[in-house]
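This report concerns only the one structure given below.
By letter and in written order, the chains are A, B and C; residue numbering begins at 1 in each of them.
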Amino acid sequence: MNGITLLEYVGVFAFAISGASIAMREDFDLLGIYILGMVTAMGGGIIRDIVTQQGIPIFFTSYGAILVIFIATTLAIFLRGKWDDHMLFVTVDAIGLAAFVVSSGIKAIDNHYNLVLFIFVTSITGVGGGLLRDIFARRKPMIFQSDIYCIAGIIGALVLKGAYPFLGKSLSVYLSLIVIVTIRMFCYLKNINLPKVKHFSSKTESQVNF
Amino acid sequence: MNGITLLEYVGVFAFAISGASIAMREDFDLLGIYILGMVTAMGGGIIRDIVTQQGIPIFFTSYGAILVIFIATTLAIFLRGKWDDHMLFVTVDAIGLAAFVVSSGIKAIDNHYNLVLFIFVTSITGVGGGLLRDIFARRKPMIFQSDIYCIAGIIGALVLKGAYPFLGKSLSVYLSLIVIVTIRMFCYLKNINLPKVKHFSSKTESQVNF
Amino acid sequence: MNGITLLEYVGVFAFAISGASIAMREDFDLLGIYILGMVTAMGGGIIRDIVTQQGIPIFFTSYGAILVIFIATTLAIFLRGKWDDHMLFVTVDAIGLAAFVVSSGIKAIDNHYNLVLFIFVTSITGVGGGLLRDIFARRKPMIFQSDIYCIAGIIGALVLKGAYPFLGKSLSVYLSLIVIVTIRMFCYLKNINLPKVKHFSSKTESQVNF
């Protein structure tokens, strides 16, 4: 097991906990909690593999990841969400985001994807599980509305792609991981968010025409 | 037409009715009612075929299934949801769930899928249509929150996989069908559900950090 | 660049504006606004390419489309939704729907898809982006509930398929485009909608059994 794989397990662990925690908040039953933990941890990679038509998504043969998801979800059930806002959890989640972005970024570079597809696969791997989690739990997708999260992943992915030809694989991987975790944690601690744009109208949904 | 195919049509019929009925409750227009009937009946199999990269999903060439969906949705429109809670409907729906799980389970065994993928394809075939139905209708996905439904399918799938090498195809198929319908109906009649886990916090959505 | 490609850009433009506008209404941050613009403009074509297993969706190499999306979303941010109900916008959107339906219909005819798949790919290309937009923004999918929109696309697609063997490609394309835009605009201006079916029951969600 190399370093990125180890960090990916950290990501799987953090994402499974976030899925399980949302599931408990939303009153899912026991099976639903485990399913949402699994969807959150594996969803991004599965969407990536489906969109890029890579055959059966690799997560279905990742027994290690599935074991980690089972342990994380079980832990979340015992904690019952008590650590959701704990700095430790936010840090672990940021490491997971970084690991997912970087590992899919390396694969995308190896596959010679163009820039658009490169940004898509790195982003969807990092945030796709959380997006599915919010859709299944019928919540407003968090990634669109709060925190410097997805954008930290995109910046880190671009750093990886830009640095790779000059620094080589190892150094650009470390650099990208550090960039993502630093941006994410700095903005989290300083409560920095992306700007929003106020819609001029206050019309209700039923009045919209398209 | 063999026995499983016949039961699959029973499932298509029941799922189309449930989709059409939810569509009427949610104030869909006439086209929306037919679309939701189709999505509910065909969605699980289509997701399965997409995730396992089987080429164009087989449902698009299942004229028989499409005819059944059309008839079921039209019937649902005339009934306007009157039979939704009728024992007959719940029984027909349970038979449909069982047929979808077993028919996809046989295919998965023939394809030598590993256990994880086996559970995924049988479950998603059985409950994926209902999940899409609830997402399109913006409802909380029922399968995560109420009734012994998805878990009945998973148990039946495991029975199929476990019994197949010993009992052969026919007997293990019958056994699995009986297990699923029995568990589903028994728990429905006795009002047995999976346990839930209470989240310790009552924080509102906007306070969550991930 | 031929005529259909040009009209497709019109569609990309209109769909990106509608996505960005909904994103602003729903309080998305700046990145979320651009993402929803992109999802709305490209989502239908991407779903089509995934379901029909065409390899990596072509939109990921359509730099022209991505540029148009960027411009349209930026424009929408400056307008802040002021033109949402403007006749010009509704007309541009109708042209876009027509272009998406017709261009995917031509491809479907070239691929000899059967009627079911033909209707699916033309419809999902035309309305799939708006469906994803509404799911991501947690709104009731508009296409199921209001306006003659999806049905205009389906009628136009059938006109294309029916006229193609007799009129040839060019004439049947023009005819189909005119049919879709005319039906859509006529029904919009006359406020004509598909009928709805009232569900006999007023039960709340939690009482539903499936």
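Just so it is clear, contacts are C-beta pairs under 8 Å (C-beta built on N, C-alpha and C of every residue); 3 or more make two chains touch, one makes a residue touch a chain.
Since this is a predicted model, take the numbers as computed values, not measurements.
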Partner chains that chain A and chain B have in common: C
Copies chain B and chain C - rotation angle from C-alpha fit, nearest 5 degrees: 120
Numbering shared by both copies at the chain C-chain A contact, with half separating same from different: different
Computed distance of Cα centres, chain C from chain A, in Å: 29
Touching two or more other chains - residue numbers and ranges from chain C: 50, 53, 135, 138-140
Of chain B, residues touching chain C in the complex: 18, 21-33, 35-36, 46, 50, 53, 55-57, 60-61, 63, 66, 77, 80-82, 84-85, 90, 93, 130, 135-136, 138-140, 142, 147, 188
Partner chain B, residues of chain C touching it in the complex: 50-53, 114, 116-117, 120, 131, 135, 138-141, 143-146, 150-151, 193-201, 205, 208-210
